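Structures incoming, each one as C-alpha cells.
What follows is a pair of complexes built around chain A, which joins chain B in one and chain C in the other.
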Partner chain A sequence: MSKDKTQKSVQTTGHSWDGDLQEYNNPLPRWWLWAFYATIVFAVVYWFLYPTLPIGRDYTKGIGNEITYTTADGKTVTTHWNTRALFLKEQEEARKRQAVYLEKLAKASYEDIAKDPELSAFVFSRAKVLFADNCAACHQRGGNGVLGEYPNLLDDSWLWGGTFADIQQTITNGRHGNMPAWKGQLSDQQIGDVVEYVLSLSGEPVDADRAARGKTVFMNNCAVCHGQDARGQKFLGSANLTDKIWTIAKVPQANSLDGKRNAVRQVVENGKRRTMPAWKGRLSDTEIKILTYYVHELGGGQ
Partner chain B sequence: MTQPQYQARIPVYPRSVKGRFRTLKTAILILAYAVYFLLPWLRWSRENAPDQAVLFDLVGRKFYVFDLVVYAQDIFWLAGLLVIFALLLFFVTGLAGRVWCGYFCFQTLWTDLYMFVERWIQGDRNARMKLHKAPWGPNKILRLGATWLAWLLIALATGVSFVLYWGDAPVLLRQMLAGEAPFAAYATAGFLTLTTYVMAGLAREQVCTYMCPYARFQGVMFDENTLIVAYDEKRGEREKGRQKPRKGLMKREERIAQGVGDCIDCGYCFQVCPVGIDIRDGLQYQCISCALCIDACDTIMDSIGYPRGLVRYTSENALEGKPTRLLNLKNLGYGVALAITIGALVWSVTHRADVELAVYQIRQPLAVILSDGRVQNRYRIKVNNKTEQRLTYRLGLEGLEPSAELDAGRFRQFTLEPEQMLPLQVKVRRDPRFVHQVRESFAFVLEPVGREDAPEVRHASQFYTPPAQVRGGQPDAE
Partner chain C sequence: MKHETIETNAGWLIVLVMIVISIGGLVEIIPLYFINNTVETVKVDGKDTIRPYTPLELRGRDIYMREGCYLCHSQMIRPFRDEDMRYGHYSLAAESQYDHPFQWGSKRTGPDLARVGGKYSNAWHFQHLMNPRSVVPESIMPNFPWLKEPLAYADIKERMRALKAVGVPYSETQAEYDANVKRFGKDVADKLNILKADDNLIAQATQGNYDGKPDDVSEADALIAYLQVLGTMVDFSKFEEGYFAEFR
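On to the complex of A and B.
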C-alpha cells in the first residue's frame, strides 16, 4: 500500500492528430489562469483611460487623463495624455526652475557671478547652449573661430576690447571691421616694404632695409588706424600687429617666410570687411549677460 | 478519466520535526534574520555621512559598507559581485545540489518563519487540517485572523527594514512614522510587505515550482555525483516493497529474512515536506533539498531501533554502489572561474586610488596661439576625494620645461572636503621653442600640502602644438 499522490502515468489532453499525435496534459495552477484573465481586464481598462484605438483619421483619446501645460510663448494648452504633452509639461517645469536663476542673474553684476560658484556654474551650462544656438555658426562650437573670417575667442587678443563692458557692447550692438584694400593706392614696391615691416614687428627674420622703408609707408598710411606703435586701437577694432596672433592673415598656416609674406600681402592688397551682427532684440539682456560672462572667461578677459 | 487542464493548489500542511538538519536550518534562519533586521541599526562613525554601517545612499550616489565607500564609478564591482554569486550558485549546485534552496533562499526562510507562526497559533499538521476543513466559527476566525495579522506584521517589518538600508535608519523610520518620508520609501515598503505576505503566506512552494528560474535550470548542473536528498530504495523496498510493521515484521532481521524493505510506510517523510512531495518517488524537480525528510526518517529509525540513513544525503552513483567523484572537470571549472572572479574583485577593491584624478583635454580647439606666441591647451580636470579626510592639494605639471605655465585660476591650491568631487578647468601654456613634437606627453600631479600621509596623485595627458608652431631644435631656439 503506497500513499504516493503523484501521477504515475502522464495523461493526455484527449486530442489526437494524424491518428497518433497526442498532447500531454500537465495542469496549470488555477491562479495562473486568473492572472491571465486579470491581464485581459487590465487591457480593457487601459483602452478607456489612454489613447488606444484608431477610428478613421482620428483615434480614441481616453477619459479622465487631461494634461495642461504652458508653452514657451505663454499659451496654455489642455489635451489628452500623450508623451509629447508630457515632455512639454516637463519643459515648462524646467523653465520654472531656470527662472529662479535668471531672476537672480538679471540683478547680478559680473563680479557677483564670479563670486557665486552656483550661479557661475548655471551661467556656464546655459551659455554653452546659447553659444551653440547663436554664435557657433561663425565662431565655431568651441569658440575658436575661423582664421581670416571670424575671430578666435579663446586667445588673449581682443580686437574690440576684452573687458565685460566691451564684450557686452560688442554682442549687443555688433561691430563693423574694415581693413581697406591698398592695391592701387600703394605701389607694389611699397606694399612689399610694408609687409616686411609688419612681419618684422612679430620678430620674423626679414630684410632689414625693406622693413625700414616699410616703416615710413606704415606711418603715412596704416598708423591712422593701427596706431603709431602698430598695437591697434580698440574703438576701431584694428588689429595689434606686434603680437603673435594673426586675425586675418593666414600666417600661422604658412611654413616658409615667403609663405608668410604672401599671407600678409593678400590682406594689405585686398583688405577685409568683417561684421559682427547686433544681438539686441534677438537675445534678452540676461542672455547677453550670460554670453558676455562666458566669452570673457573663454579668453581670460581683460 | 481525464484530469482538468487547470487545477487548484493542493494545500500542504507540513508537520513539525526535530533533528540535525532542522536545528541547522533554525540556526541559519536566526542568524539571517538577525543580520537582516539589525544591520541597518549598526552605527559606524563617519565624518560627512550618516553614522550607519551599511547605507545605500542613492541620492548621494554612494554606497557605504563599513569602511568602504562605493562610488557610482565603482558600479562594475556590482557586476563582479553578481558574477561571483552566479558562479558560487553553479559551483555549490554542482557539488552539493540545492543547498541555496534548502537553507538560504529568502523564500525558504520566510516561508519557514510563516510556518512557525502558523504552527504556534493553529497547532501542528492535524490540527491545521481540521481547522481548515471546519466550518467558519469564532475559533476559526480568531485563529486564522491572528495568523494573518502576525504574517502581515512580519511582512511589514520586512518591507520597512529593507527601506532602512537606503537612508539613515533612525531618521528615516521617524519620518516614515510621521508621514514625512519620500513616496519611494512608502511604495517600496508597501510593495515588499505585499510580496512577502503573498509569497511566504499564500504562494509558498508554488514560487519554487512555477516562478523560480533557478529551480527550473538547476537540473542542468546536476550529475550522478551531485549530493542529493534521496531515499535508499534498495534498502527501503527490498524484493517485496515497503510494509507496515505488524506481527512477524517488527524486527529488522525478520524483514530482511522475508525480503521486506526497511521502510515502515509511516508517511512521516512526506508529512514534513514543505513542497508536498514524497521523497520515495525519487529525485523530483519540486524538491528543494531542505533535508527535513531526513530528520523525519531518522527520528522513526531511531525509535524502532533501525540504523539511520534510509533517507539521506547521497548521490545517484553512491545509491548504485559506485564511487562518488566530485573532482570532475565541471566542478573544477566552476571553482577556478569563481576563484579568479573573487581574486579580481578583491584586487580591485583593495587597489582603488583614494584620491582620483581624471583629465580630459578640451578638443574644440586643441590649441590656441597667444599674443606672445605661446601655445595654449585647455583641460577639464576632475578631482575626487574618496577618503574620509579633508585634504589640501597643489596642482602641478611634470615632464614639461620649467617655463611651461599652468593657469588654474583660483584653484591652483585647493582643499577637498571628505568625499568631495571638484571639477576644474585649467590652461597650460608653452613656448613653442621648447616643443619638439606635435604631441608631447606630460602629467598633472597633485601634491599633498600639510600632510605626509596623503597620497600623491598623477594623471598622464598630452600637449598638442599645431605642426607649423613646433620650433624645438630650430636655429632661433634659446
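On to the complex of A and C.
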C-alpha cells in the first residue's frame, strides 16, 4: 500500500493508534458496491416469489411460483412452492422414467420376469440395491446369512417355503420362528438320547441304542413341529432335520462327533427364537416383488 | 455512544457484535413459534399418533445421548429422492416435537436412524450393539458390551418431570391424565403417567424382551426399545401423499 496513488488524496479515518498507526478511509470498490446492491434487490424479489415473510400465524406463500405434481394414485395437485412439493414432483418424474419397467413389472408374473431378459436385468439391478439397504444387515451382503442367527438364502433349503408365493409372504408379513427350550422339560438323559437320534438322521456314526431311545422322545415331543419324518413343516418354519443342512445348530463348525453333539444339545436345551421383520409398509408391493424374485433366484427356489 | 468507544473497548465490541449477529438467527427462528403450520397435525381418528416416549424408551434415548450416537447417526430424512429410497418417508417436524434436545444430528458416519424402528429384529439389534462386525463385516461402529449392564431407573420420575416442565405432556394429576386420554387414547395415556413410570418401565422391558433375557432390565433393553420406536409413530398410508407438503 505504500505506493498507492491514493495515499495523497485519501483521508484517514481520524483514528490514531500507538501514536502513528492510521487507517485510510478508501471508498468501497465500485464492483463490490453494485454486487451488494444486487443482493438486496435479489432478496426483495425472493420475498415475493418464495414462502418467506411471517404474518401473524401464517406466512406469505410466494406469487407465481406454483408446483403441480401428480401423486402415485393419480391425483393432480397444485400448491405453493416448497421443498416437499418439489420432492413429490421429482418422485413423479422418476416414476415416469421408470414407468416403462414398473408398469410391466406390476403386471408381470414371476414366470414372465424370468422370460424377459430386459425386465429381469432391471429387477436384478434394483434388487441388489434394495437387498443391500434392507436385507444385508442380517442375511449378509451375499445372502449367506449367519449360522445360528440368520438363515442362508443361497442354499435350496427353506424353512418357510421356497416358492415365489412363500417368499413373498415371508417378506411381506415377516415370520416368527420359535424353537422352545427343553431344558427342565426333558431330563438330561432324554435330551442326550434325542441329540443322538437327530444326528443319526444326518448319517452321523452315533450310538444306535441311544438313538433308538431318542426316537421315542422325538416322536413324543419334537414331532409335533418337526413332523413324524423329521422333515419339518413349513407353516411352522420348523427345520428339516434330515437334509444335513443346519440353520441353528452350529454342527458344521464342530470338528468332532462330541462337538456336533454339543452343538445340537445347545439348541435343544436353550431353544431359539428368531424374528424376520415384516416389510409391508416399509417397502412397496413392487419392491417386495423385486426382492422375492431376487431371493428366489439366489437360492434355487422351489 | 461514539464509534470509537466501541472499537477501542473489547467488552462492548463483543456484546454488540453478538447482538447484531443474533438478529439474523432470531428473525428466522422466532416466527416459527407463532406459525400454525410449523408442527404438522398428525391425527388418525381424532387422536394424535405421535406420542412422548414411554419411560423405557426415554431411558433408551438418554443412553443414546450418553453414548454419543448422534455424533455418527443422524435422525433427519430430508425430502430428497435418494434419502427417500434408502431410509423412507422424509421426517416431519411433528416427529421431533417431544424431543428435548432433538437428535437430528449433522453427521452421517453411520446410516440415518430416523426410521430404523421395526427394520431389524430385537435380537439383531442386541447382537449388533455387542459386536457390530458379527453381523455387518464392513462396519466401523464401536462395540458397546457394557449395555448388558442393569439399567439405572431410580430417577425415572424426575426425568419425566423435567421434560414435563418444558412442555412434554406426561401426566401427574388426574386432569392431566384425562387430557392425555382424550389426546392419545387410554393405552398411550397410561404409559405417560409419571406416577406409574417404574411399573411401566419394568413391564415394557420384561414383555418386550429386547435383549433376549426376559427377567432383567438392562441398558440394552432401553436402547433397543427406543430404536424400535423411531419413525414408527406415523402411518403414512393413512395420509394423502401431498398432505404434509401443505404445511410448508
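One rule holds for everything that comes next: the second predicted complex is superposed on the first by the 204 of 302 C-alpha atoms of A that agree within 3 Å, B and C clash if a C-alpha of one lies under 4 Å from a C-alpha of the other, contacts with A are read in each partner's own complex, and residues count from 1 in each chain.
Here is the rule we go by: a contact is a pair of C-beta atoms (placed from the backbone, for glycine too) under 8 Å apart; a residue touches a chain by one contact, two chains touch by 3 or more.
Everything numeric here is computed off the predicted structure, so don't read it as measured data.
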Inset, instruction - Tell me which partner A:Ile191 touches in the superposition: chain B (first), chain C (second), both or neither. - result: neither
Inset, instruction - Report for A:Gln253: first if it touches chain B alone, second if chain C alone, otherwise both or neither. - result: first
Inset, instruction - Applying the touch criterion given at the start, work out whether A:Gln11 contacts chain B, chain C, both or neither, answering first, second, both or neither. - result: first
Inset, instruction - Figure out whether A:Pro29 sits in contact with chain B (first) or chain C (second), or with both, or with neither. - result: first
Legend entry - Partner chain in contact with A:Leu201 - chain B first, chain C second, else both or neither: neither
Inset, instruction - Check the residue A:Val267 against both partner chains and state whether it touches chain B (first), chain C (second), both, or neither. - result: neither
Inset, instruction - With the two complexes superposed on chain A, say which partner A:Gly281 touches: chain B (first), chain C (second), both, or neither. - result: second
Inset, instruction - Across the two complexes, find the residues of chain A that touch chain B and also touch chain C. - result: 140
Inset, instruction - Please give the residue numbers of chain A that touch chain B in the complex, ascending. - result: 1-7, 11-14, 25, 27-33, 140-144, 152, 154-157, 203, 205, 240, 243-245, 252-255, 300
Inset, instruction - Going by the contact rule at the top, pick out the chain A residues touching chain C in the complex. - result: 15, 51, 54, 56-59, 69, 71-73, 75, 77, 79, 82-88, 90-91, 94, 129, 133-134, 136-138, 140, 146, 149-150, 273-278, 281-282
Legend entry - Interface residues, chain C side, partner chain A - complex: 4, 7, 31, 34-37, 79-81, 84-86, 88, 90, 115, 118-124, 127-128, 134-137, 235, 237, 240-242, 244-248
Legend entry - chain B - residues contacting chain A, complex: 2-10, 206, 210, 242, 244, 265, 267, 270, 277-278, 280-281, 284, 362-365, 368-374, 376, 378, 407, 427, 466, 468-469, 476
